[in-house]
Amino acid sequence: MSLNTPFLLNAWYAAAWDYEVGDKPLARMLLGTRVALYRRGDGEYAALEDRCAHRLVPLSCGRVEGDTLECAYHGLRFDAAGQCVTNPHGPIPTAARVKSFAARQRHGMVWIWLGDAALADDGAIPDFGFMDDDALNARRIRGHMHTRAGYTLMADNILDLGHIEFLHGGTLGTEAVRKAPTQVREEGDSIIVEREIENEILPEFMSREYGCVGLPVRRLLSVRWQAPANLKITISVAPMGGEAETRSNYSCHLMTPETLTTTHYFWANTRLGNPSEALDAAKRRGLESVFSQEDKPIVEAQQKNIDVDGPDAAPPALLTVDRGIVRSRRRLNDLLKQASGAARVS
Amino acid sequence: MSLNTPFLLNAWYAAAWDYEVGDKPLARMLLGTRVALYRRGDGEYAALEDRCAHRLVPLSCGRVEGDTLECAYHGLRFDAAGQCVTNPHGPIPTAARVKSFAARQRHGMVWIWLGDAALADDGAIPDFGFMDDDALNARRIRGHMHTRAGYTLMADNILDLGHIEFLHGGTLGTEAVRKAPTQVREEGDSIIVEREIENEILPEFMSREYGCVGLPVRRLLSVRWQAPANLKITISVAPMGGEAETRSNYSCHLMTPETLTTTHYFWANTRLGNPSEALDAAKRRGLESVFSQEDKPIVEAQQKNIDVDGPDAAPPALLTVDRGIVRSRRRLNDLLKQASGAARVS
Amino acid sequence: MSLNTPFLLNAWYAAAWDYEVGDKPLARMLLGTRVALYRRGDGEYAALEDRCAHRLVPLSCGRVEGDTLECAYHGLRFDAAGQCVTNPHGPIPTAARVKSFAARQRHGMVWIWLGDAALADDGAIPDFGFMDDDALNARRIRGHMHTRAGYTLMADNILDLGHIEFLHGGTLGTEAVRKAPTQVREEGDSIIVEREIENEILPEFMSREYGCVGLPVRRLLSVRWQAPANLKITISVAPMGGEAETRSNYSCHLMTPETLTTTHYFWANTRLGNPSEALDAAKRRGLESVFSQEDKPIVEAQQKNIDVDGPDAAPPALLTVDRGIVRSRRRLNDLLKQASGAARVS
């Protein structure tokens, strides 16, 4: 639990929300690799190593020309397969090619596969159907936050339902949470952690969204983890003992390693209720401030302590609330072992 | 003189002024060790390793509960001995304990012993009685300044009475200082450096405090060094040739290594004269600005040059004004050699 | 082309414009060496290692006293040969001397020789006569810009006439540039790259200076490189097919390594036209903004990619426009090989 986790290379990772890759290429480090993401003229996304084959400047400094990326320095153009297809200064040298990576758009997200492209199976892109725009008659709100902590610490923090009443005591937690037991189970490639809270009076900002202001409810928190670090939270709320409808909120928490100790955190959340830019903005502010003021400082401090400890750290103590985390780490370690040569520390 | 000095572990160090450790725990790196300082319900101070035994987040992010420190992440509580005494999620795991360090309050300062706790002798806390609030019918002013220079360079700078007329030529120095000889002697565990200045007209801000505006005085500067780097300066001023009373100002300069090349500098000074918040603030400003504008840039630049030099540095030249420094370094080196295994470079 | 280039020690480098070294000494790292530059009372420039022989503080923190530099900490004075000539505290210790370096003023520039002083031949200072104030009845404008890229990358960028129409497409480039061929030749110790552009309508800000607004011109760009990285650009403009006079603009681009991966870039440019502070300032703004907004980000990004690549980088592709760069690198490598022991990586 204490060491920094290497990367599973042969897997799909969230690379960028579609709105982040517009007319201009986007430079992003993913799994320690410099990537230039761009949108081709035909609407498909492409991902090249962000290092021109000529004099090494980042291709992301250049501009999109049709289906190619043109280098800013001397105008070489590279296609989505990384082949130089235009040299304005003369014939195309054999060495004029760069690495390319498989990239797919699904659920509003550009997914990338940095390992062996021959193994990049579209069917393996994790299912986050609720992120499709109007899948749920609810408002989708999305964001990207950079965090100075490794991707497994970030995933642990989402899987960890035992910290709500402490770290979020003033925002998301209530007295009822303390009494709620936590369950862990496995379903196919997923680890699922659930906590069912009975007879809870939700904080007002939440109860307003679920339409249960002042009413005692049953709240089910359900977190699904899939390797390497893609998570979905479902929150289902229903008034206690009544026949009233259960209302559910879905969110994704996609953790993509930037480096061994920093993470791109992509999130999306469905807001229940009518269309309203003001309510969208308020919900975004609420979500971002809980993360950035409560989770992020703790997880970054945890990472700093891991770095100070180094490899000789005293082994940490485990609590019962860690069961989901322990299982997800074991699953990930098995995949890393299977990948053997494909895993890499950079 | 040129290399960074390792730490003497079995010694008391200034950790924090009492006013720095209030209702909230204080995170402070001391001798390369992450420490969470807190004040227990019973008024005693405690010091724990700042790394929760559960998932490694700093305990200083949490809060004081009675005599314990509660972790911010999942609510484990640790007592002053580092033992986990409360786990809200189930039984207390055996591994749920953290390192603790001896901490004592004396003279308004929280002292810490980071080495072998069995050797932590209260009698060895250095005597700075003047720092007790009303010991001298004078105003005590205190501060803490962080400096990017090793603790021995910081101590050298205080012991070094040969720089006043140069580095502080425009503030603390006068023409008379140039002619004053410097004496060095040893007394028990102390090195004492003294410089007696005759027939000096003090700068106005000083002469006002000593009540000798415009009068020629005799000023005795006396610096006492004790290992590892705790210093006291006594400045005694009396009108020349008269029977008039000598007035003395006391100050402490406690240098606690943060790392090998950075230091916590704690200082206290007695201001002569009547109670006055305005005069207190003026004196604090004066002291802090001389340090931060004159000493600190020089000592930090010295440290930078030492770092650039590395271990192959040409040996520096020694002057007669360095005698006190040379003796204090020799004394400290002897203690480090005796400590052998207890000394450590981190 | 991809690895960081070591330094040629036995060579003159631009250290500072004369206006940068006034009443106060100047601290500057040159070729990884800490240098204190100062102007002696007799008007000559001197260069000492920026590390007092006593307690290692930078001599540049001190002040000029006649022909000597006085240390800020305890007042030792060192002459231009590095010998301590005054110790206010007693006799001068044998060890009280610091390294000194040959320094010369020529063409408004202070040149430094950091290698073997016995080899420092004044005749080897490169000729930049146009930089003498009134050599050309034109306005000389000068500047110094710090860049996080190695000195050879900086030199490459000036020698590289193939990037104008791309990187500077919106500022210095025109359609006519794309069709102009590039020639490379060697002349003595110089590599010369030229590009002759026919029938060009210059951007307005340029044509105004050359007095050819709206007229098609022939523009000859000529870059001269001399080891280690001193370059001169001559731009000659004449109206097409006429008898009208050719007007020329001269500029120097002197690249002095600060470290292996950072560079002091000194430039001077002659502005054609009448004296006018407003026009001088406008030209400076124009030159600095093209460099800092177009070249600098690209060259720094190139350096970053080189650092990320490390020594195992895939070899870059070469284009025909790189011929001048390739020859200059070969010339420099030959000199580095000849220097063998005198070359050094720091």
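So that you can tell them apart, the chains are marked A, B and C in the order they are listed, and the count of residues begins at 1 in each.
The criterion applied here is as follows: contacts are C-beta pairs under 8 Å (C-beta built on N, C-alpha and C of every residue); 3 or more make two chains touch, one makes a residue touch a chain.
Keep in mind it's a predicted model, so treat the numbers as computed, not measured.
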Equivalent-chain rotation between chain C and chain B, CA atoms, steps of 5 degrees: 120
Self-contact between copies chain A and chain C, residue sets same or different by half: different
Separation of mean Cα positions, chain C and chain A [Å, integer]: 47
Two or more partner chains touched - positions in chain C: none
Complex contact set, residues of chain A against chain C: 34, 50-51, 53-58, 61, 71-76, 84, 87-90, 93-96
Touching residues (chain side chain A, partner chain B) in the complex: 1-2, 156, 160, 162-163, 165-167, 178, 297-298, 301-302, 305-306, 308-309, 313-321
